[in-house]
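One structure, as C-alpha cells, below. Some questions next.
Labels A, B, C, D, E and F are assigned to the chains in the order they are written; within every chain, residues are numbered from 1.
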Amino acid sequence: MNTFDIQEIIARALAEDIGGGDVTTEATVDPDKDGEAVVVAKEDFILAGYEVFLNVFMSLEPGIEFNVEYLDGDNVEKGATMFTLKGPMRTLLTGERVALNLLQRMSGIATLTARYVDAIEGTKAAILDTRKTTPGLRTLEKYAVTVGGGRNHRFGLYDGILIKDNHIAAAGGITKAVEAARATAPHMLKIEVECESIKDVKEALKAGVDVIMLDNMDEKTMAEAVKVIGGKALTEASGNMTLERVRKVAETGVDFISVGALTHSAPAVDISMRVKG
Amino acid sequence: MNTFDIQEIIARALAEDIGGGDVTTEATVDPDKDGEAVVVAKEDFILAGYEVFLNVFMSLEPGIEFNVEYLDGDNVEKGATMFTLKGPMRTLLTGERVALNLLQRMSGIATLTARYVDAIEGTKAAILDTRKTTPGLRTLEKYAVTVGGGRNHRFGLYDGILIKDNHIAAAGGITKAVEAARATAPHMLKIEVECESIKDVKEALKAGVDVIMLDNMDEKTMAEAVKVIGGKALTEASGNMTLERVRKVAETGVDFISVGALTHSAPAVDISMRVKG
Amino acid sequence: MNTFDIQEIIARALAEDIGGGDVTTEATVDPDKDGEAVVVAKEDFILAGYEVFLNVFMSLEPGIEFNVEYLDGDNVEKGATMFTLKGPMRTLLTGERVALNLLQRMSGIATLTARYVDAIEGTKAAILDTRKTTPGLRTLEKYAVTVGGGRNHRFGLYDGILIKDNHIAAAGGITKAVEAARATAPHMLKIEVECESIKDVKEALKAGVDVIMLDNMDEKTMAEAVKVIGGKALTEASGNMTLERVRKVAETGVDFISVGALTHSAPAVDISMRVKG
Amino acid sequence: MNTFDIQEIIARALAEDIGGGDVTTEATVDPDKDGEAVVVAKEDFILAGYEVFLNVFMSLEPGIEFNVEYLDGDNVEKGATMFTLKGPMRTLLTGERVALNLLQRMSGIATLTARYVDAIEGTKAAILDTRKTTPGLRTLEKYAVTVGGGRNHRFGLYDGILIKDNHIAAAGGITKAVEAARATAPHMLKIEVECESIKDVKEALKAGVDVIMLDNMDEKTMAEAVKVIGGKALTEASGNMTLERVRKVAETGVDFISVGALTHSAPAVDISMRVKG
Amino acid sequence: MNTFDIQEIIARALAEDIGGGDVTTEATVDPDKDGEAVVVAKEDFILAGYEVFLNVFMSLEPGIEFNVEYLDGDNVEKGATMFTLKGPMRTLLTGERVALNLLQRMSGIATLTARYVDAIEGTKAAILDTRKTTPGLRTLEKYAVTVGGGRNHRFGLYDGILIKDNHIAAAGGITKAVEAARATAPHMLKIEVECESIKDVKEALKAGVDVIMLDNMDEKTMAEAVKVIGGKALTEASGNMTLERVRKVAETGVDFISVGALTHSAPAVDISMRVKG
Amino acid sequence: MNTFDIQEIIARALAEDIGGGDVTTEATVDPDKDGEAVVVAKEDFILAGYEVFLNVFMSLEPGIEFNVEYLDGDNVEKGATMFTLKGPMRTLLTGERVALNLLQRMSGIATLTARYVDAIEGTKAAILDTRKTTPGLRTLEKYAVTVGGGRNHRFGLYDGILIKDNHIAAAGGITKAVEAARATAPHMLKIEVECESIKDVKEALKAGVDVIMLDNMDEKTMAEAVKVIGGKALTEASGNMTLERVRKVAETGVDFISVGALTHSAPAVDISMRVKG
C-alpha cells in the first residue's frame, strides 16, 4: 500500500466528517477527560484495515495507546474484542465513525473475497479484482482484496494493456491491435485481449498475447478455450461470476477469475466501538 | 450538491484510474477517430448521478455531445437506453470506467433508498441516511439518498447535535448534557438525544430536546415512546432497520427512520456502456 | 476549533510571508545562534490565539521552548509579559510577523467582543457573531468571539437555515418559505426567519419557526415583538448594533444580538515581541 | 495582482462559506428562477476589488451578466449604485456574503490609505504599507493600498533586505550586518537598516545602505536625520503613524512613511446588495 | 501524455516564476498594449513540447492567437521561425521564460534521443529511457523521448517488475526472487531481472522471466547472452551507453538499449523568442 | 532554502515514482529485513543536496540512521564513500532513485558553477545564475549554485526589476521605462536595464539605474562600458558565457557574469548507492 495515499484518504475523510468541529463532543465532554474504547465484532468476518483504523485516531491525537488482538487476514468471530484504545475521550468519540466506516468497508471486501477464494479451493485458479472500485479508495480496496486471498488485476489504465472489443474494432482486428500495442505501448506491460469466441482466442494466441480474457463465455466454451490455449498464454475468466458459479468456472482450468462484485457490492461488516469514561 | 466537491471527486477519480495514461487506448485508437456510446440499463433501478456521469467525460474533453433520455429520480427499466454520447473515441473509452463506477454506486443507493421509502408508503415517517457513507463521497451519496426519496440526517459532526450514550456519561446524565449543549453549542443546531428506554425519553423530553432518537428499541417500546413524547419533540427510530421490519417501525408513529445500509451496503446497479466507432 | 484548518492557515501564512526565504535573517544571523524572545502587551486587551501563536514557531522548528504566562480569555494589562520563547534566533525572527499578525487580530476580536458582552451584562441576551468574517480565517475568528464571551451564529450557509427577504420573495411568502425548508432542508437545523415588522413576526410564529430575527427594528418595535413571540421562538436582534446602542437592545428581552463589527472591523491590538541574542 | 492567487482565495472563501451547500436557498428558491441584484454604497468610500467581487459570482456561475458603474480607485458616494448583476437567483444569494466580505475589506483599506495620502498632499513623501496584513490575503490587501494611492513595501521576507535591531545585534553592529547582506543576499534587493538614533543613521550611511528607516523618532530627530542623509539614501519614517501626526512627519522631508494600520485596522466599509426576483 | 499532469506542471512553473507579480512588466507595459512574438531556433534540433509551450501562454490569457509552423518530431533548422504568437504584450513577456524553459528542455531530450536512435539505425534494437528523470517532470520527459524516436521503460516503481541485485540478494537468489514476484506481484506486469553474467542469464531464463537486463557487460558477453537467450525473453542492454558505443551494443542483437543520459544530462537547445509591440 | 518547498518537491517526486507501490520490492524483500547502503562517488565533483538526499529516505521512514562523511560544498573524489544509511531494506531500495536523481542534479549544478567560479578566480567578478532553471525545482537549483560558489540573480519576476528591450520599446525608451519603474514598482527592488550599446549604457546611467546589464557585447565594448559607468552602477555581463570565454569577460572589470548553462545544461554527476542486506 502507498502510505502517502492512505494519509491523504484519512485526512480527507476526517475533514469531510468533522468540518468546523464535533459540536456535540465539544459541548459535552471535558477536554481533559480520558477514555477507553473496545472494538467488537458483531458478526464473523476477515479483518482488513486495522492500521488504517488506528491511523485515523493517531491523525487526531498522536499519543493514543492501542492494544491490538487481531491483524489483517485474521478470522474474527462474532463477539471478539479486536482492539482497545486509550486516550482523550474527545478523540475517541470524534474519530469513531470515520475509523469504523473504513474498517467495515475494507473488512467487508476481504470477507467477500475470502468466500470466493474458499469456493475455488483446490483448483489452480486465483481470484482477481477489477477496476470497479470506489472512486478515491482504490488503494485501500485493492489491498483488502489481497488480505482476503485474492490477487490484484491492474490498478488503473496505466499498468496493464487490456484490449477490449472497442480497441479491437478501432484498430481493425485483434492482430492489428496487438501489433500496435507491441510497437508503442510500454514493453514492461503484458498484453491481454478480451475474447468472446474460440475464433477470437485463436487469433489472439497467434498474435502472441500474454493473457487471454474469456469474456462472458459458458463453462463449456471456457474449457475448450483453455485447451486451445494450452498454456501458451495466461487465461482470465470474466463476466457474471457469482459465488454459486465460480467453482465450475475454476474447474475449467483458467488461471484467473475476475470478480467486480468484490469491490462494487461487498456489504460492510458489522463492527461496534464501545467507549467508556 | 456542492459543485466544487463534485469536480474534485471526479478529478481525483480520473487521476486514480488514468495515472500516466490509458496505454491501451493510446496504442490502439487513432486520436482523430470519433465514436458513439450508448449507456444501457442491465436491470431495473432508480437513476441517480447523471450529471456526475456526464461531467466525467466533459472533464476529459469539453466538446462531448450528449443525448439524455432519463434524469435523476426516474425509474429506468432493464434494457432502456439512458444516454448517448458522441465525441472522440479515446475519450469515451478512457472515461468509461470512472463514469460507470460513480453512476452505478449512486443509482444503487437511490434504488435501495426507494425500496425503503416504498415500504413505508402511507405512513407519516421519512427515511433518513446516516454518516455511514464512503469516505470522500459523502456529498454524492447523501444526494443519491434524496433522489431515492429519503432525507438527509446531518452531513457531519458539525451540523447537528447528537448526544449519544458516551456524551451522556461524560456530561453526567441527559439533563446535564443537554444543558451543556444549549449553553455553548451553536444555537441554530437542533439537539437530539439517543434514548434507550422510556426513562431516558422522559428525561430528554423534560430537558427540552428537539429530537429524540429511539435507539435499538422494539416496536412496542417505540410506540410507547411516541405516545409519551406526544409531538413535543421529533422522533427518530434507529438500529437494525431491515426492509422487512421498517414498515412496522413506521407504523409506531415515529417521524424519521434512519438506515445505515442505504450508504454502507447498497450494491451497485448494473449498467453497461456500448461504444461503437 | 478544527486543528486541520489551523495548521493549514499557519502553513499558508508562512508560505505567503517567507516565499523563497528570509533573505535578511539568512544573511545576518548565524544558523547556530540561539535567542530568546519576550512577547509584551502594549495596551490592555483580552488574549485570544496563544496556541496559534506558538504553533507558528513550532511549524518552523519543533524544538522551540515556551513559557506561557497568560491563556486565552485572560485580561492582559499593558506592559505584561505574556510569553517567552527560546530557540534558534533565525526561527524567532522569521516567524515573528506571521505569529503577531494572527495573535493581534484574534485578540482584537476577543477584546471587542468582550466590550459588547460587558455592555449587556445582567440582561439575558447573548452576543452573536455573523458571517462577516475574513475570508479564509473564519475558524480562528469565530473562536476568538467565543474567547471574548460571545457565541457563534452559523459557521456558513450549511449549518443553519436563515430565511431572508429574498428567500421569502422567491418562495412566495414567509409561510411558504418555512414550509419548503421544513420539507426538504436537513431536519437537524433550526429555521430562522428575518422579520422586518410585527406582521412578519406573527406570520413566522404561526409558521412555527425556531428563531425570529428582528431586523433593523427600533427598540420599541423589538420590545413589542418579544412580547408577541412570548418565548415560542428564540429571538435575534440584528442591524446596526453599536456599543452605544446594544444595552438598550438587550433590555428589550431578545435572546441574541448579532454584531458584524466583531469580525469585520475589530482593530488589531498592539503586541510587541522583543528578541535578544 | 497575481491572478492564480485570487482564484485560490475566492475558491477557498466560497468553500469555507458554502460547505455542503446553501441549505436555505436550495430549499426556498427554484433553480430556474432568475434575479437581479444592485450593489449600493451605504457610506462614502474609495472602491477597491470590483473584479474580485464579480469573480466570486463567476466562480459559481460563468454566465452571470454585470453592469459596472464604478471602477477601482473611484470615489463612491453614499447611495450610489455601483454594479448590477443578472443571473440565477440562487447564485446571487449564495455568493453575496463572500463577495461583500472581500469588497468591503478591500475598499476599507483603499479608503483609509487615501485618507493618509490626502493628509500629506503636497509633500514629497509617499505612504507605504507593511507586512501587518491578514494572513492569506496579502495579495488583495497590498493591491488595495495601491488603489488608495499608497505604495507597497516588500511583499514578504524574500523581496527586500530589512535589517532590524535583532539582525544588527546578531551580526555585531550595523556595518557588519550590511556587509554580510551585501556579500550573500540577492544583489537585486535594496538594503534597508532600521535606525533609532542619529548615530545609527551615520553608521548606516557610511555602510552604504540604500534605504534608512527612521524608527520611532520624533519629528525633530527625523528632520535632522534627513539632513544628515542628504539624499544619499532613501528614507522611511516608521512607528506610530496616526492620521493626526502623519503630515508633520511628511514635512520632515522623508521619502516614505509606513503605516501598519492601513491593513491591520482598517474598518470594512458599508455596502449592501439588494436582490430582486 | 496525462493532461491533468501537464496543467499542474505549468501552473506550478508559472507560480514559481511569477510569485506576487511580474513587477517589471507591470510597471513598464500598458495593460492594453498588444504585441507579437516570433519563436526562432538558434540551432538545429528536434522539436518537442509545442503544445506545452502554447499552453503556458493560454494559462495566462485564453485569447492568445498562435501560428504554428512546426510540430513535435519535426527537424527544426537554425534560423527557422517555429511559431508566432499574438496577444497582450504583458502576457507574452510574462510567460516567455517559463514557456522557453519547458520547450528547450523537452526539445533537448528529443534531440539527444534522436541522435541515439540514428546511431543504431538499421539494427533491430530500440532506445529506452530510464527513471533518471527530473523529479516532477517525468511525464514531459518521457513524452519527449518518444518524440525523439525512443521508447519508454516503466514510468515508475509501479508499472514493471525489475529485479535488481539487491532484490535478488534479499530474496535468496534469482529463482526465488522471480517466484516471489510471480506469486504476488500484479500479473499484468512483466518480470525483468538484472543479470551481470552468463550464469545469471541462464538462471533467469530458467526461471521464465520476460525480460533480461544485460547489466554493465561488454559487447562480447552481451552477444553471447543474446545467443543463450535465443528469443525466449526480451533483452535490454544497460550501463554506460555513450553515443560512441551504442551501435556496437545494438549489433549484439539486443532488443532494447536503455540510456539514462537521455533525461539526466541532455543539454537544453537554444531557442529565442523575439517580441515586438 | 525554503523548507516547505523542499518537503513538497520530495513528496511530489516520491509520489511520481512510487505511484501505487514499489511492486518489485514488495514482492521480493521481507518487510522486516534491515539493510545498509553506502553512497559512493563515481567521479570527482562538488557535493550539493545531502540534506535533500537524506530527507527523501526520512519521508519514507523517519527512523533511518545516517552517517555523513561529506557536506554541501565539499570536494568529493571519485571512489569516496559519502554517506552510509541503515534502516529497513525496503525503504532503502524504494527511495534510492528519487534520492539519487535529486543529488546528482544538484551536485552537477554545483560542480559546473565551481568550474566557472574557478575560471575567474582573482578577478572581482562573481558568477550569477539566471531564471533558466528546471520548472518546479528552482529552489533547489538556486541553492546548488550558491554551494558551487555562485550567487543568485532574482528568484522570479517578483524580486528584481529587469528592464529588457521589449519593456524599453513598450515604455518609449530607457529613461521612460526607468521612470515608470521608479514611480510604481516596489522601492526595495533594484532596477537593472539591459543595454546593448554604449549609448544605451549612458542613457541608463543618466536615468540612475542600480545595475546595468551588458548584453551580448564583446569584451572590448564591455571594458569601455565599465569605464563609462565608473562604479556608479553595478554591472552584469550576459550572453554566451562559455567556460573558455568567461575569464576574459571577468577581466573587463564587470561585477557579475550571468550564466544560464549553470542550471539549464549542467550534466548530472555520477553517484551510486550500493545496498547490502
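Following the convention adopted for this analysis, contacts are C-beta pairs under 8 Å (C-beta built on N, C-alpha and C of every residue); 3 or more make two chains touch, one makes a residue touch a chain.
The structure presented is a predicted model; accordingly, all values stated were derived computationally and were not measured.
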{"item": "Centroid-based (C-alpha) most distant chain relative to subunit E", "value": "C"}
{"item": "Identified repeat of the B-D interface (over half of residue pairs identical), from A-C, A-B or A-E", "value": "A-C"}
{"item": "Rounded Å distance, subunit C centre to subunit E centre (Cα mean)", "value": "53"}
{"item": "Euclidean distance of C-alpha centroids - subunit C vs subunit D, Å", "value": "22"}
{"item": "For subunit C paired with subunit F, centre-to-centre distance based on mean C-alpha positions, whole Å", "value": "45"}
{"item": "Residue numbers of subunit E (touch at least two other chains)", "value": "18-21, 155-156, 158-162, 184, 186, 189"}
{"item": "Sites on subunit F touched by subunit A in the complex", "value": "11, 14-15, 18-21, 60"}
{"item": "Subunit C partner contacts - residues on subunit B that touch it in the complex", "value": "128, 146, 151-155, 158-162, 184, 186-190, 192, 210-211, 234, 256"}
{"item": "Touch list for subunit E against partner subunit F, complex", "value": "9, 12-13, 16-30, 33, 35, 89, 92-94, 97-98, 100-102, 104-105, 108, 131-138, 155-164, 166-171, 177, 180-181, 183-186, 189, 261, 264-265, 267-268, 275-277"}
{"item": "Interface residues, subunit E side, partner subunit B - complex", "value": "1-5, 139, 142, 155-156, 159"}
